[in-house]
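Dropping the structures in below, format is structure tokens.
You will see two complexes here that share chain A, one where it goes with chain B and one where it goes with chain C.
For the complex of A and B:
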């Protein structure tokens, strides 16, 4: 086999590894957008909170993030739930711009709050797993924590999909997405379901943050780049389709890595947004989305 | 309603009065304000903190000697959040509102280049501690001065070291894609061409990305003997960790300082830890430097910050020393007079070495080459300043303990 083939395979593997984390972040965003048509500008800040929670817990107890990531998920669920019940519910029915302002403001408060408490300095953690690499053949290598993060992210993405498609809550959420006026007539407690959806979406960001921590570093503004990417995923995946966003996450990971391999890393972000604009203008329903009602 | 309005107007008039009073009080007040722009938050916060430590030490020394022009000196910080647009706002705030007659900063080349036209237009002298990109000096503005060596000196020092230590021929450059990285890429490309090296690859990347594996894969495919990095700290750590993951084994890992020369870089909890081992970097100063006062600065810094300084902290200290010398000599609080005094500054003995600006405002500062050995930066070139011998070629990742 030629070297180019190994390089290609390695890039695809790398793409899948990062893509799985993107997918989890994007699914959270898509769930919130799908059920409420809310563009959550605080999504990146929630991810940052997940990272800091995991970091603080790791510093205090020394327990690997791979065991304690659910804590970040649970905490962020309640943060999301409270955000909806305490803030967003009050401005439902008003112009969308209000929602953008509110979530943006919330993001600013959270990011600056983190800066106040933890400082602007960045932090990283070291777990023994970090120095382990798994080699497939002689050429392809996978860093162990990336693989664990990938596996957990995929499992959680699957669980999230199951919740939305198979449970009573999921059915109610999809009913609201389909028609927010008819849903309450069918006996659905709209606010309750939306609050839970917002909570689950936020929890997805929080857990993604927790899984990102071992392979990345954290600082208060860490969420921004992931927030931007999650917008791209929601659009590519078809405006609120969570399986679409998941696939879009994986695709984005692979496209970025292939761009990086063949054109250079500086183009990776540009390609993301070229895709974004192309899809918005040519196929607004998303690459993977069917036409929604 | 009426009462709210009343309260509002009260608060607003208070604010305006405060602002107004401060503006008019400026020259007569009994403190002397020096403006500082640096990156206290954002991705370059580690360097901004090093700056702040250096400035603080200099400030304490100056005030212990009785301040400047009989006044207590105060540093007026503006945090540019690691963003050039904020640095520009900083100049306006410091000069127009706080009426400082001199500005020190910024941290990054990107921010510094952005403020050069602004200080020139406002006619306030600027002394740059750490901006390495040579284009910050390109405008030939009579208001800007730079104490550190620039990107072309970095490239020449690195090539001189390589030529005398194995003379490799195939070079790849990996650089972050803002002003700092671009300038170093340009300088190294030109210098390498002149020195007869073959440039097999040149890769720009976006700093603060979690994943450089495909980029490094690309570099690996080109099979360079030397890699020259121009990186900040977070990216430098990630690049080295992922080089190990991919088994990228050039004979030399070299770099344009900055991330690869930061005090945090060889540490386990804030940098690349053991993956930093054997990397070469250019450096402008180390605690072990032979200049008088280096050791004292190191001790004071350690007492203040709990860690040893890299050259970024020293450069901040040094610009403060230069500013103080100029203000003392100018015996004036006017920007123009201070600027003229900076032009004539001639300090043969500072802990940062001799400082004297040429006609363009550039201080001629020597560049050292260091290698991380046993978690410490050791000077390995030029030979008359070397503390230990360079370890080459870099051991392959699979053969390291």
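For the complex of A and C:
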């Protein structure tokens, strides 16, 4: 077998590993934007908050992010809940652009707040797992923390899917998405359900941030790239489709890694956006999801 | 109401021409140049975002193309002012391409698509290092050799005046009514024979031309540009916020918005140092929550409520008012 094949396989493996984290971020956004049609530009800021929460906790206690990631999730759930109840509920029914401006303003406040508190420096954490590599065959290697992050992200993505599709809460959230006028007549407390859904979506971003911390670096504007990517995933996966966003996340991870392999790392993000524009203009119902909530 | 807006703007812009004679420092003039530059950009955005209701967050694309056009064409040996002209043409070509794809989308998809195009352009400018210089940047020729700061200031005022006159003219033209009809209800506009695609595209072309011109001026003022400066999403956001803060779809809105936002930014920069963007965020949130029509929009609504005669009892025939209908301020979809 030639070297090119190993390189290709390695890129696909790396792509799946990043893709799992993308999937978790994308599913959170699918719940917020895809199902509830809230154009949330603060998703990246929430992810950043999750990362900083985990970072502070790790620095204070030394507990590995892999044990304490639920803290970030719980915190971000309440942040999301409060954001919906305090801000978004007041402008429901207004043009989407107002929601975009509002969440953008919120993101600016959060990112600059983080910059004020933690400074603009890049941080990284060091856990013993980081030095471990797992080899598959002779050529392909996987960094252990990536694998753990991958496994946890996939498990959480599965849990999120279950919550949205199988529980009474998920059914209520999807009912509101289908018909916001009929849902309250069926006894659904619209604002309560939407606030919880917004909280869960934000928690997914927060947890993804926590899982990203060991394998990535941390700075106040870290969320920006993930924010735009999460919109790409939702549209790629088909609006309202949670599993579509998850598959789109994995595919995006692979596409980015293949782009890096053949054209160079700097083109990866550009390919994301080109893909996004192509899907929006050619197949707006998305590629991976047929079911629309 | 409209007459007053035009009068205020005319007096304001005329008075602005004499400011350089009173203000001695170059620094103040630079800030004032920024105020007028963003007023012009806000007016340009207003044509598409305010009147046609197509809320673009990708105007950095045209701004950046204008800036890079000037830099790259003059690198080929073309004289600076001809380069500016060519840059504006390229910005319009970009607008035609971007518009033909993004105007097929509505609501949040349109907004996201405009962002995506601007980001693709930024990444291309970053990565094509042998053409644009990438992150290292590229040099831009100085457009005015004689007392440059004053000349830039005056050109900023002129650009604003030009954009304002264009807006005044468009607002009362058939074309302007088409745009507003599209904003209020695109499907109804289509059904009464408005060519929505063509009208929106023309609005974007005009908007992109002004924005490109603004980008070229900005670049020439700084003499040196990098992609993250002129093609950044921050530029798109700032342009949109200037217009929204003042009042989208009003004549005077972008002018007021730019004066308020840029002076606020300047004050906060001095008082809060690094955290000035935080205040910026607070300002955005406050405007969205409490003043969705913007400053001018809210004022006009309040004033037109004052002027309105007390409501006639139900059953009495409603007489046609001699007063001109106040323009629609809220941007509905």
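We adopt the following convention: the second predicted complex is superposed on the first by the 289 of 293 C-alpha atoms of A that agree within 3 Å, B and C clash if a C-alpha of one lies under 4 Å from a C-alpha of the other, contacts with A are read in each partner's own complex, and residues count from 1 in each chain.
Definition applied: a contact is a pair of C-beta atoms (placed from the backbone, for glycine too) under 8 Å apart; a residue touches a chain by one contact, two chains touch by 3 or more.
Predicted model only: the values in this text are computed from it and were never measured.
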item: When chain B and chain C are modelled together on chain A, clash or fit; value: clash
item: Touched partner set for A:115, first chain B, second chain C, both or neither; value: both
item: Touched partner set for A:94, first chain B, second chain C, both or neither; value: second
item: Chain B versus chain C as contact partner of A:235, first or second or both or neither; value: second
item: Which of chain B and chain C A:7 touches, first, second, both or neither; value: first
item: First (chain B), second (chain C), both or neither touched by A:266; value: both
item: Partner chain in contact with A:105 - chain B first, chain C second, else both or neither; value: second
item: Partner chain(s) touched by A:276 [first = chain B, second = chain C, both, neither]; value: second
item: First, second, both or neither for A:127, with chain B first and chain C second; value: neither
item: Partner chain(s) touched by A:143 [first = chain B, second = chain C, both, neither]; value: first
item: Chain B/chain C common contact set on chain A; value: 115, 264, 266, 269
item: Partner chain B, residues of chain A touching it in the complex; value: 3-4, 7, 10-11, 14-15, 18, 115, 119-124, 126, 130-131, 133, 141, 143, 212, 215-217, 219-221, 225, 256-258, 260-261, 264-266, 268-269
item: In the complex, chain B residues that touch chain A; value: 40-43, 45-46, 49, 177, 203-206, 208-215, 217-218, 221, 234, 237-238, 241-242, 244-247, 268-270, 273
item: Sites on chain C touched by chain A in the complex; value: 55, 57, 101, 104-105, 107-109, 111-113, 115-117, 119-120, 123-124, 126-127, 237, 240-241, 244, 274-275, 277-278, 280-285, 287-289, 292, 331-333
item: Interfacial residue positions of chain A with respect to chain C in the complex; value: 33, 37, 39, 87, 90-91, 94-98, 100-102, 104-109, 111-113, 115-116, 228, 231, 235, 264, 266-267, 269-270, 273-274, 276-277, 280-281, 284
